[in-house]
Amino acid sequence: MADRPEGCFAHEIRVTWGDCDPAKIVYTGRIPWFALDAINAWWETHVGEGWYQFEIDRNLGTPFVHMSLDFRRPITPRHRLICHTWPEALGATSITFRVEAEQDGTLCFEGRFVCVFTVADAFTKTAPPQDIRDIVTPHLPQG
Amino acid sequence: MADRPEGCFAHEIRVTWGDCDPAKIVYTGRIPWFALDAINAWWETHVGEGWYQFEIDRNLGTPFVHMSLDFRRPITPRHRLICHTWPEALGATSITFRVEAEQDGTLCFEGRFVCVFTVADAFTKTAPPQDIRDIVTPHLPQG
Amino acid sequence: MADRPEGCFAHEIRVTWGDCDPAKIVYTGRIPWFALDAINAWWETHVGEGWYQFEIDRNLGTPFVHMSLDFRRPITPRHRLICHTWPEALGATSITFRVEAEQDGTLCFEGRFVCVFTVADAFTKTAPPQDIRDIVTPHLPQG
Amino acid sequence: MADRPEGCFAHEIRVTWGDCDPAKIVYTGRIPWFALDAINAWWETHVGEGWYQFEIDRNLGTPFVHMSLDFRRPITPRHRLICHTWPEALGATSITFRVEAEQDGTLCFEGRFVCVFTVADAFTKTAPPQDIRDIVTPHLPQG
């Protein structure tokens, strides 16, 4: 796996009481949700549009076809959760994101997420628009 | 990957409007939550206790250390989601679950989930209690 | 407030570990979600369609304009949550639902929910379709 | 109802795709969750502790006994949701919060939320600690 690029995008999450289960740590079911928030924030920050604008304004979907996560340390509301997020690969019709999430400098979880680009209303694969390709490419580890 | 055992446990989920996003399909962030509900229901059905009773009544935790999911088809509220769920492996201090979820006979997602057994209040690894080992073992593919 | 009609619709919810917060009871933020699930299940059971089918198949929306809830007892995964649910009033363009939710015979929360009927894609108020009016009316306390 | 105090606390929420339902607006079930996030943020900002720290570090609970919300306008990811949040009343063992949430200068929902103070592990009512009373009082409309 490629290392995290230096200075890559960081999305901050305010973890709360309601995210936690009776073990006093964030419920596992919430964690992929956090990662998705970070990926959507990556798009919003770099393209100026997130999944909502992609779908409604561009008829562009990016549904997930795969995710895998490793949980390293419990997450609590004691610290903000910093989600380091970057695109790892851009294929002909797909994109892979990585997320490494830390609290107080310690890795809590890391994950890999693969999305395909689709014509949203037809739900068929498509190549990503050129402007998106141009924005993503310099952020790729080998970019 | 081992095939799904015949007649394995099936947990039924009533998918609703509120689970869906503007693409009119279940939001990806909800899907791991569904899988976890199925795994917890496996415990409730086979042991008579779920994660809540494990933690509160037995001081036994089963935190997740890994999950991976492949998303095959969109999920909608048109059909119940049937989550076929079984333990794939039982280690010295860990257990692996598989979930294959179908709607109307078509595979929607499949996933693998690894949990470790812990002394809940100490958050340290432990071997699973013997009664749990005895209940899980016959459900293993090679059991 | 009108009393709960005898034999009114009951929607059963399987409360889980992930619904609970570190106080070992269901997080308050989850409870309106449960009530909405019960109301949607009322529609599915009585009309054969829920919010998803209303919107997609009929272009009919029923957005909420008000909800109020009183929380009487904590909810836990120890028992199923039985949500007694009924329409209390049907206006020219609105409907009021009541939900009384019990665990083990004890009232946990009660709420009132007001929705308006809309032309979904125009987001304008409308009268409910006659078939829905005919289905709802006999279930009203004064019906 | 008392008017919103000038310059009262505002909690900003980044509304996302995953918060929305197929009507392309935030699902009603998510909205009380947003309001609770705003109230918890009020505590974090003014006391330096939220519900998590109250419960774990002080054995202090503030469970909700009532909430009521009026939904004025749909919420979308097009704008941040600004949740104006203030304590409206402080009783012997209870506190009432108000939330008025706006997008792009337009009121989207408003709500009133009543919590009681409890000894968390005993789940019995109690008076709020004096430091909390001292912090809350000047923020009351009549303070």
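Some observations on this one:
Every chain is named by a letter (A, B, C and D) in the order it is written, and numbering of its residues begins at 1.
Assume contacts are C-beta pairs under 8 Å (C-beta built on N, C-alpha and C of every residue); 3 or more make two chains touch, one makes a residue touch a chain.
Computed from a predicted structure; not experimentally measured.
At the interface between chain A and chain D, two copies of one sequence, more than half of the residue numbers in use are shared by both copies.
Comparing the chain pairs C-D and B-D, the larger number of C-beta pairs in contact belongs to C-D.
Rounded to whole angstrom, the centroid-to-centroid distance between chain C and chain D, based on C-alpha atoms, equals 24 Å. Put simply, the C-alpha centre of chain A and that of chain D have 28 angstrom between them. Centre-to-centre spacing of chain B and chain D amounts to 34 Å, using the average Cα coordinate of each chain. Within chain B, residues 17-18, 20, 22-24, 28-29, 33, 36, 52, 55-56 each touch two or more of the remaining chains.
Note for the complex: chain A touches chain D at residues 14, 16-18, 20, 24, 33, 36-37, 40-41, 50-53, 55-56, 76-78.
On the chain C side of its complex with chain D, the touching residues are 22-23, 25, 28-29, 31-33, 36, 52, 55-56, 61, 63-71, 74, 120, 123. The residues of chain D lying in touch with chain B in their complex are 17-18, 20-24, 27-29.
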